[in-house]
Amino acid sequence: MGMSAYLRNIKDAATTIADGMAITLSHFVRKPTTVEYPDRLPDGVRVQDTLPFRYRGMLEVDLEICTACLACERACPIDCIVIDAAKDKAAGGLVMTRFDIDMAKCMYCGLCSEPCPTGAIHHTPEFEGADYSLESMVRRYVKAPTVAYKPKKAGEDDPRIAPILDRGMRYIAEFATPDGPSGDS
Amino acid sequence: MQELVDGLIASGVAPADVPAWVHYLTAMLTFGGLVVFGFVLPIAGITTWVERRVMARMQSRIGPNRTGPAGFLQWLADGIKNLLKEDIVPLAADAMLFKAAPYVVIVGFVLTFVVVPFSGDLIIADLNVGILYVTAVTALVVVGILMAGWASNNKWSLLGGIRSAAQIVSYEIPAGLSIFPVVMLTGSLGMQDIIRAQGAAPWTWYIFDNPFTLMAFFAFFVAALAEGNRTPFDLPEAESELVAGFATEYSGMRNLLFFMAEWGNLYVIGAIVSTLFLGGWQIPFALEGSPVLRNALQFGTFFTKAYFFVFLAIWLRWTLPRIRVDQMMVMCWKYLVPIAFVNLIGTAAWMVLFPAGVPLVRWTLTAVAAVLLVAFFWRVRFHLKHAGLTGQQLSFNPLSTTRVTW
Amino acid sequence: MPLDTAAIHARLRERFGETIGDLNGVGRDAWALVPPGDIAEVARFAHDDGELGFDCLSNLSGVDYPKDEAIQVVYHLFSYRDRHWFVLKVNAKRDDPVVATVSGVWPHADWQEREVFDLLGVRFDGHPDLRRILMPEDWPGHPLRKDFVEPEEFHGISTSRESLLRT
Amino acid sequence: MGLAGFEVEVQRETESGLVTEDMTLSMGPQHPSTHGVLRFIVRADGEVMKEAIPDIGYLHRSIEKIAEKVGWHGFLPYTDRVDYVAAMFCNHGWTMAAERLAGIEVPRRGEYCRVIADELCRIHSHLLAAGSMAMDIGAFTPFTHAIREREYLNDLFEELCGSRLTFHYMRIGGVGWDLPPGWAEKVLTFLARFETVVDEYNRLISYNKIFTERLADVAVVSAEQAIGYNLVGPNLRGSGVAYDVRRDDPYSVYPELDFDVPVGRGEMGTVGDCFDRYIVRIEELKQSCRIIRQCLRQMPDGPVIAKVPRNFKPPAGDCYVRLESARGDMGWYVVSDGTAFPYRCKIRTGSFAAISIVQAVSRDIMIADLIAVIASLDLVAPEIDR
């Protein structure tokens, strides 16, 4: 190693180290990018409320608009959805006795919500899924036998169901279709 | 210290019928205990908090913020947690050595405080071999680390211990050689003598005495970092290679002792560097009349200088990668040792040629340092501008927790 | 110079005659069958030949065809020099699958053959270090065979989790 | 697996007749620098390694077997898990294979969406590679800077497809969602800022003297060796072979895009050393930015997904598709027997090839260098084991 290479090594080391230190010092006066999750969030807004509409968090089922078509059960690649529904003339259509989702098994792929005709099964921005046992991760949506929803040709007029259906259809509209641009983009 | 006790005896505060050495011993033990428990341990702990907050901001994070105001009590919580943890001794370890190693390390580190000059009067013992004593007792640390690495009976720990031994033994040489120019200029090894030979103004410090002492300052700081196992020389613990190296098998309080020594050592490095090169506790006023105020100001000055180097070490650690073991040796033997010898001979020649020193050189060196410092801050400003940051994205409050928005 | 698959096939035929099977398929996926014992020689030629210059074995996979009583090993050859492709297939007997190794030709084949050995049980004759690569050393059977049945438990650890849904 | 099967030579005699023992170290499966669960059996003489023998399989999840059990659509979310650091490419590979078997043409806007997502994912993955490279060499701050930028990308992905890591964005025939309104502007804002961050990153770490000294001339892989071991992507280009599937065997809309293929130039030492492999990734970050800008400018309107039946049954046959993933040329050999389930799916990944070369290049280097080699090859354990 010649003398010039020797001195160049010292010079390179000194300048690059000084430049690196200038960068870290410049970060010292930049604001941090993290938030103090979960309890000290900016303006007190929960993280869930800042997530986009498409966010694939915990699954949620709006039983009011579920048609019991079983499309989600068929679409699920890991069989974590189970629906029991039977025709019941007296009740006037399909009656669901079971709609269970094993959230411990769910891989949040969204394949179930895609074929849903009403957007009844959809992902929510809720992601805080820690629990104490696997059993408690099983979500059982049918508490008592429920009559499946039947879409009305003229549109929904029940003020209780209309907003839920509206949200569901909005969720469905986000998915791309072969017919053309989806959503409002 | 001796004068202080003498004064107390003379004034009758301390009973005169007891032999004087009892008073000396009592005073030293009291002050020593005060220093260790009131200063050394808290400073090591608080430095961990400072390091974590500083590093967090350099990494666009917030850092510990839950325990106490701005997370300040985090160090205490960590200490208590470590105390309550199980002290695990691996079955295959050499139990006695394994248990003893942390004590050897901590003793080697705490003993250095005997000669740390906190202020003009506050020093446990102003030994006439002061700086030599420091280099001697810090060598105990390497014994402890090697013991820990060997006794753990873990191959990774052993590698860490060997690295540490090689590193500390090698870097003792440039560190020692870089002390000599200052010792030669002072003509004494005593810490207080070295400080008293300097003044309060930067151009009276040894760092700017001549070009060789300036180089010796850098060489000493680098070698001291290496002796303290700090990045870029943290090879003995190298998380990504040796998985904490010599400390892998330690848990609880014993692990804490290692880390206390490491962080406390930062302050020792700062204290010695400021003593040797930066005028120590020197203040511009004599303040003969009020020893308390004088000592307080001196203490503050010394602490600020020493803690700046703690900050510098932290800053370096969170900027630089780690060098490889062969490069560590190359750096020592091919770069630092020759440079240290040049400094030694250069200073000797300088003393022969200019026995009274050259004020012009002192002022020039001080001015050059000031210009470099300004250039550095200009570079910091350049980086901020290059990133396209506006005032809204900056915060000069080191404890700021507001999130940046784009 | 890049050759099309027909030319590559012709070149191989020229050297090995009827050992190389007919050209099947079109375009990129066109392939020819080679007997299991001759593949090493064919590979060596494809690698060394000045015109073919297949310096890279892009992929080596095994497929189980219980209906044909065969395990097929598929070699995707690629030439970085000439940027052309060819696919060779080898049908090994399913009850005793032995194929000559090509690991001496392309170092990449070493691990790929170990994987095929591990998952499909094809033994590569002449392979320097034919050990399981993904599965544990003592795993029973070869998982990618169509008739593989997963053991109920392995070293006392259950391999399945009870479904919580049908309770 | 113990040490059985590894023929480790333990005792050696030096020239002077002194008998010395090599140290056998087990590095991993739980080691901070093995990026997942990899294991190396290291035979070392002090700090100098004689050999590092990779031992893989700790993250084997039998994804190729799962492919045979779930349908063509149903396997798509599983491909996210093949290489979870760059899930978009695995999505792309599987959809490309299925489309080729069934002869489906993807709408042009769909292809553009795919390329944008791919390139964002490439940045995403290279950032992690560059960041963990710095961390393995001992600098922690650059890692967090890289992760910080990756976090902004995660936010973009989250808005695009609802997920931050396992995207499941593509579908057979196109993509699952069109770009959300206002998303393109957010991407452009990010890119404008991101390019300055890359400069800053280079100043902070890439050209730092300690860093370059650690990487230069370590584990040099020659071009012949790289091709023989089938190294792909940045690892291959680091050895000086200018081959990029996007340019040399184009798929999707890459022929319409203008970009450079960076190759290793031996800037700090020899061509094919760790630094070259590293710096190629850094330069690719900027190329990806260029591609995304062009895509956003050029992309046409229209549908983003073709009509594909839910009960998808491609005709019998086999195909081999390749695409340039973040870790390079990724090969998908897919066999269909005409049923609703794939007959066989073999995924040839870049990391699998890259780890097989470790044993060959790890002779007589330091233990610390092994970490640099692992990081420079950008080994991602799930992709190796699948």
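Letters A, B, C and D name the chains as they come in the text, with residue numbers starting at 1 for each one.
We take it that contacts are C-beta pairs under 8 Å (C-beta built on N, C-alpha and C of every residue); 3 or more make two chains touch, one makes a residue touch a chain.
These figures come from a predicted structure and were not determined experimentally.
Taking the CA centroid of chain D as reference, the farthest chain centroid is that of B.
Here the CA centre of chain C is 24 Å from the CA centre of chain D. Distance from the chain A centre to the chain C centre is 41 Å, each centre being the mean of its Cα atoms.
Each chain gets one centre point, the mean of its Cα atoms, and the points for chain B and chain C are 62 Å apart.
Note on chain placement: the centre of chain A and the centre of chain B lie 51 Å apart, centres being C-alpha means. Under the contact definition stated at the top, the residues of chain D that touch 2 or more other chains are 141, 145, 148, 200, 203-205, 208, 210.
Within chain B, the positions touching two or more other chains are listed as 58-61, 318-320, 383, 387.
Because contacts link the chains in a way that matches no line, ring, star or complete pattern, their graph is best described as other.
On the side of chain C, the complex with chain A involves touching residues 163-166.
Chain A contributes residues 9-10, 17-36, 40, 42 to its touches with chain B in the complex.
Contacts from chain B toward chain A in the complex involve residues 54, 56-62, 65, 315-316, 318-320, 335, 376, 379-384, 387, 389, 393-396, 398, 400-404. Within the complex, the chain A residues that touch chain D are 9, 12-13, 16-17, 19-20, 23-24, 27, 33, 51-52, 54-56, 75-78, 107-111, 114-115, 123, 174-185. Chain contact summary for the complex, chain D toward chain B: residues 23, 25, 31-33, 46-47, 134-141, 144-145, 148, 189, 192-193, 196-197, 199-200, 203-205, 208, 210-211, 213-214, 366-369, 371.
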